[in-house]
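Each of the next two complexes has chain A plus one other chain: chain B in the first, chain C in the second.
Moving on to the complex of A and B:
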């Protein structure tokens, strides 16, 4: 589904990702973990081509997508939910969602996708006429995810969806993520700090330390591994 | 006599309503703090005046050419300021207005410099000359209705939402695969086109233009209208155009030496702006905070 091969990337002179290779299984929820500054977000952004890629390749369904611009990636079925609930604050909830499918010309198709997103997040339908900034933190995160879903992604990249949410809401967002995988038939890659709750629901885990991939396994195996303990207690920091 | 005066005021209000509404497209909807909008107004006025007087253009082609010329400058302004953000962008656009003023003033072979261009003919549309001021009011109302309806439809369309999204979160919109630079220059070009139409309306009404009409004084009036009316609100721009143009007119009926009227106008505008910023930071109908 997604294959990263020997990727080296960063920002200008700063090299962050060092020779990372990984493969995502179709229909899986994978979580990218690691200490602060390990390059988790950078790896995610590199897939979406918003970092400087020095070498290596990214393949999406056997197709080379390294250095494709954002609009091409979106049309291919890759969506990115960035860190910190990016919404268009003075547009209505519905307009925010529609922007996610702005590249789709077929109005009926957009409307049906909208209904699908509303079915996934009923609260957004209740508040569809309200400004995005008036939503609560959890609802804003759902709006950001909902907007990404409007492009009917087959690969959904999420950068810390739990950031700044109450623990109860975090669980709800994670539950939604699993539902999304099933209802929208999407493969999901998440960068997360909030490890415990996500480890229970995700399929695969990848651990990144200082830009290098140090471990990868199924979450059930990783959970009790010594390297996970090191991540938990911050031995890498 | 008094009615002629009122009609004159009404025409100026209509012209400023078009101007402010078009400024709101780039300033309010797209979030580009454009302080140089008056330059497009001037470019429109000069273009259509020169085209009709020296090149025998009919009114409609002249006004459209004026709009197109201003659009080209709108594109140019966005390109040269594309790396500027926030206050620096505002200053850059303000600089553009001063450069335009300097060109109007110094390119004497084209604009006659400080002498201005007199004798701009009244518009002739399909053989009908809009001669009387009351006809001109009707005529400008029709033009304003067309321009503002167009802007209104534009801002409500799918495309309009993209412009608003550019204002709310440009990077977020880039993540959705949209070219925000293109959206910005398109918005600026449309705004410039509409401003140029207002400029032509002004020139063909007053029948005389000189550089001083397109300088700091009118920048202040225009921005006051946009801010008092509220960002991202077309009806706000229209309402504020009425208030801001009428307000200083009242000074005429107060016994005051003429030398004081000018400064009093400025004081009134300043006072109004301060009050708005203190008590109603979104203006009359605005939905976006001033930043």
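Moving on to the complex of A and C:
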């Protein structure tokens, strides 16, 4: 459903991604791994067209989406959850969620999506009138994910959803991600550092080193592979 | 009753400051930079209505309507040709501030060039005998000013808080990068912010034109007061800016109970400095706690 072909991207003069090609299967949870500075976030952002793409193409369901702006991607069914639990902090929880579907005109549809998100994250419903900044770290992450879900994405891109969360919460967020795949019928691509817990639940793994894709396989196979051990012990760092 | 008179004078002054401050605050929210030429834009509003009403002899309400539209366009024009290109070049806020001062000087001098330095008056509503309310005297014109201002401020507040477009505006104000990722067209919001904010400035310019004299440098005075009102109330909060403006109007007017009236501006500045030192986020500005 997502196909990246020979992508070269970065920020202005700085070239980060070098000739990366990969294909995501429909309905899978894939994890993008690699040492610090490998370009994991940059690759994710390139799919969402918020980096400078030098060459290569990104296809979503056979359609070229390489140069589409964010609002067009959203309408196509791609959503992006950025790093660091980012929300509209001075707006209420409910306003945050509704803004995730600001491009949807049908009010009943928005309400039904809101209920669906509240069902997935009941704590957000309890605190729907509160400012986003008053939520705890884990709740803020759920709000960020919930807002992305409001656009009913078929492809959900997540940049380090576990960043800065306590270990117990990390497990909970990962559990939620799997639930989202099943309940929302979404394909998910995650950049993660917290590999051990995620590898147990994800389907596919991709390893990026210095902007190049060095390995890709199912998580169960990757888990015990020599290259994975190298990632774990930091041999690439 | 001097107390009641000062109270009413304070409310009248506050009403006009609030129109300037709320427009300023709206633009600040949408763009995150200090649009210092906002007062000068308000001055063009006064000159537009002078042109249509006193020079062309059009109906006053039609003149005002046209003047408000023209003022909004002037605001949008400067955003499009000055601020937006600078933003695209990722210029710092200091540069945008200086650009704003530049626009202010440019507009004031253009007004000087086109209309001359002598003060203009509109003479639409004759200076009528004031009515006495609780021992204070207020003219029909002054009541009109307060009424128009309050109505507009309420409508603006409802627009921002209740409509989807208003919510998007708050979202862009809160976090422009996230708004971008969420697919909110920040450019459209910024243009709308400038159009609405400048239209409000136009209204303020017209109301002042009715009550006082019109002169090219009137905008400087207005932005100083509007800016002060916005900062003491909380520049990114619309209700805050409005509250701050009324507070400023009242403080200035009650201040002259004890001080000569020439100190009005000094009172404004002292209030501004106190707030910048003690409560820089303003009265209603949110002081976000950091929670990990």
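Keep in mind that, in the parts below, the second predicted complex is superposed on the first by the 237 of 237 C-alpha atoms of A that agree within 3 Å, B and C clash if a C-alpha of one lies under 4 Å from a C-alpha of the other, contacts with A are read in each partner's own complex, and residues count from 1 in each chain.
Note that in this section a residue touches a chain if its C-beta (ideal position, glycine included) is under 8 Å from a C-beta of that chain, and two chains touch if they have at least 3 such contacts.
The shown structure was predicted, so the numbers you read here are calculated from the model rather than taken from an experiment.
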Combined model on chain A: chain C and chain B, fit or clash: clash
Which of chain B and chain C A:212 touches, first, second, both or neither: neither
Touched partner set for A:134, first chain B, second chain C, both or neither: second
Dominant contact partner of chain A by residue count, chain C or chain B: C
Partner chain in contact with A:164 - chain B first, chain C second, else both or neither: second
Touching partner for A:80 - first (chain B), second (chain C), both, neither: both
Set intersection of chain A contacts, chain C complex versus chain B complex: 48, 50, 69-75, 80, 82, 86-91, 95, 98-100, 102-103, 147, 151
Residues on chain C engaged by chain A in the complex (per definition of touch): 164, 167-168, 170-171, 174-175, 177-185, 286, 288-289, 291-292
Contact footprint of chain B on chain A as seen in their complex: 48, 50, 69-75, 80, 82, 86-91, 95, 98-100, 102-103, 147, 151
Chain A contact footprint on chain B (complex, rising order): 158, 161-162, 164-165, 167-169, 171-179, 232, 287-288
Touch list for chain A against partner chain C, complex: 48, 50, 69-75, 80, 82, 86-91, 95, 98-100, 102-103, 131, 133-137, 147, 151, 164
